[in-house]
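Here's the structure, in structure tokens; my notes come after.
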Amino acid sequence: MNTQSVSANDKFANLQELADKRWDSLLTHSPAIKAIYKGEIDIRFYAIYMIETYHYTHHNAANQALVGARSDNNNVQYSRFCYEHAMEETGHDLMAFHDLKSLGVNVPIEDLPTPLPATEVLIAYLYRVSETGNPLRRLGYSFWSENSYQHFMPILNEIKNRFKLENKNLTFFIQHAEIDDGHAEDIEKQILRHAINEADWKAIAEVMDTSLSLAWSMFESSFDAFCALRDGQSDKFEFLNSLLESETP
Amino acid sequence: MNTQSVSANDKFANLQELADKRWDSLLTHSPAIKAIYKGEIDIRFYAIYMIETYHYTHHNAANQALVGARSDNNNVQYSRFCYEHAMEETGHDLMAFHDLKSLGVNVPIEDLPTPLPATEVLIAYLYRVSETGNPLRRLGYSFWSENSYQHFMPILNEIKNRFKLENKNLTFFIQHAEIDDGHAEDIEKQILRHAINEADWKAIAEVMDTSLSLAWSMFESSFDAFCALRDGQSDKFEFLNSLLESETP
Amino acid sequence: MNTQSVSANDKFANLQELADKRWDSLLTHSPAIKAIYKGEIDIRFYAIYMIETYHYTHHNAANQALVGARSDNNNVQYSRFCYEHAMEETGHDLMAFHDLKSLGVNVPIEDLPTPLPATEVLIAYLYRVSETGNPLRRLGYSFWSENSYQHFMPILNEIKNRFKLENKNLTFFIQHAEIDDGHAEDIEKQILRHAINEADWKAIAEVMDTSLSLAWSMFESSFDAFCALRDGQSDKFEFLNSLLESETP
Amino acid sequence: MNTQSVSANDKFANLQELADKRWDSLLTHSPAIKAIYKGEIDIRFYAIYMIETYHYTHHNAANQALVGARSDNNNVQYSRFCYEHAMEETGHDLMAFHDLKSLGVNVPIEDLPTPLPATEVLIAYLYRVSETGNPLRRLGYSFWSENSYQHFMPILNEIKNRFKLENKNLTFFIQHAEIDDGHAEDIEKQILRHAINEADWKAIAEVMDTSLSLAWSMFESSFDAFCALRDGQSDKFEFLNSLLESETP
């Protein structure tokens, strides 16, 4: 075992630690999580969250491909990874839309409400990260997102049990989790292969931390939007009220 | 056999016919081709052509991927094809650069002369085709380029024999031809699957015809640049003069 | 006075009210503001904030121009405004850099630390707003930013007095405020002229609210970065420590 | 008079000479020009040319603005020029469309036939020139286009007399010529101010020569399209046949 790779493994461990710390902090202080465990939500929250998930996931293949296509990215192996990963991510947004429909929501994809501001901020950030700066830095986003299921599963199970959801209502998370198992390893390999200097590791860590925080803001915003709907203060997601009459999908 | 597919096959045959006609016209009227068969060129022509080939090929994976990433392209299967094809095209530019070096040219990739105007026009057109208009139309470019070896091989053989080149000096064309065999079939499948109306077929045909003509302009411009170098009227490719002392690579 | 313009004026008043409410909420809950009035900051905070201001302002002319250049924006008068406004905003980033240097910071522009994540998020959002969605929506950002001085001036005066700054250290805010006086009116005129339906007003309001919040996050992040520097937890802005020895610029 | 500016003036003179030479060569060998003077065209040729002129002019403000907005263009004065010039060019496409309508063509702007391939190639090239490479190089395009009226006026007069057109049918050329008088001087000033090394002058010259040739191809293609229409070989511009019944507009 040579010194170089020890050092890279150390840096990778630091990245993992930073991600775990951020997850801990986000989960601990989340009003949405508290409300979920207190039973203060209903199925409309999950529906809103699936709509937002559809929206940001819709851009993931595209922004991943843009990294490969950058004129300042002349790393052949990394570009190939970007295109292959983009190919695999294509259509995952449709899983989120499928889950939404499986609840009984009957809306054509083009009539979905526009993304919440927090969702648009996440989308905007991922495009900027993909198109500018260190070409490796989008790996920081993939790093946590392909590893998120361990952190997110307990919440998802709580939602699942509370609303008597079945696996067919959760394909985005469940099937995606299986598909992405290999992806997490791929991302690790890509980072270890291509991150060669301090600036690379820093750029990856910063994007990891920032995009995870923004994704979490999207989750909290979905909760805020749910509260506004529940309390009659907003009509943005009014069409979801029909779900209350047929709670068990 | 249903009417729909007969009609699509007919349209595909028309596309093939249009391509053959354009090739015929280009080959018949080409000053470069005439000069090649008359023996009026030397190895520097092939070197210049490989430099230009490197330049435009360098953008092919990127512009292919951009088709998949377009916000107005929501065809999941077609996007996947775009990303997969981009992955496969990544690095093909390095074959052209390899062939250049195999002749005895010793120049770092970043010190290559900038593209000739005709080459930059081709690059510009392929980006525009990929980023705007009918998302299917870039298939028109792939259609002829993945099928070009049958038309181009006789010329290549003439060059090969005249300069006593070996296969290792022609990897771009020879290995590429083998790799692309499957590609030609893929392109046919993609066109037949996705081109559903008259506008699609028209857009594909127009890009096929225009990009083939522009690629041929690049070939003729390489010949003009060779003549200018040979006649001492330009110093753009001066560093290639060293090849004359060691004609047989 | 016709109904149409009454209604537009009402909507404009609503926009103003929404902005005031957001400013109130941000100012009331701001840890940075509290620290400023308690005297818990030093000049390094202002320096950090000027660096971040330089960074995001650097993109303002560009993203403003991109609105005019969009292929889905065929409004000749609005495009002209976008280009004219871009022209006027060009170089305003240099005022922020000038103010930083006037404090005694001696760093070439290309050696400035990279933007804080919150700053990059703001930049990313403004590009996305400018390049996609309703072409009018970037007016929501101009609306509050060209009107921000009334809200921000008290804070600025506090900073100015506390650190004995002179007008030459605050050119970005002071001269910018004068220049932008006319801009605020221009923006009002543009909004009243071009916002013709509910969707336009909604898009403008959403971007106003979101970009103001993101700009404020940048302000708070500058404060967090200052705290980390002061407490020796980060070396990102270490070069600013030299300012402590010569507090009065 | 210092050596520096003499040398710059010399280089500017070379640019002018290169432009004149290219105009000469294009005019001398043009089948379209020959046909015009032989009286082998009718008003449909002018209509087709105005449609193509509308198409490429439609992008001129946008691609001009993109030069200012480039992340690798940090020249404040040059960026301001780009935005101001973009502002002035905005809407010039509508002059071409106006002239088309003034002939008696009654077609909504969105129903115009798509650009001819040669027109799309010119558009593509101008976007690429504006977005990549030396940021100054688009000045090479402005250089000849703001100076083209002297070369083009004799042809235009021939067309005007032959079809008994009035100034109101030629606003694009006549009013544009007046407006652009100042522009030509502006462009000269910009080139002399910003082109500081050999690479700048070379880039400007190359784009000047290439874009002029491509614009001329568009002219010739308009003629080819006219011939195809006249000879019944294409229906692309069929709706213009109505002009024959009412030749004098």
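To keep things simple, chains are lettered A, B, C and D as they appear, and every chain counts its residues starting from 1.
Convention: a contact is a pair of C-beta atoms (placed from the backbone, for glycine too) under 8 Å apart; a residue touches a chain by one contact, two chains touch by 3 or more.
No experiment lies behind these values; they were computed from the predicted model shown.
Centroids of chain B and chain D (each the mean of its C-alpha atoms) stand 29 Å apart. Measuring from the averaged C-alpha position of chain A to that of chain D gives a distance of 48 Å. Counting partners per residue, chain C has 71 as the residues that reach two or more other chains.
Taken as a graph of touching chains, this assembly is arranged as a ring, one closed cycle with exactly two partners per chain.
The list of touching chain pairs reads A-B, A-C, B-D, C-D. Chain D meets chain B in the complex at residues 117, 120-121, 123-125, 127-129, 206, 209-210, 214. Chain B meets chain A in the complex at residues 61-63, 65-66, 68-71, 76, 79-80, 83-84, 86-87, 90-91, 94.
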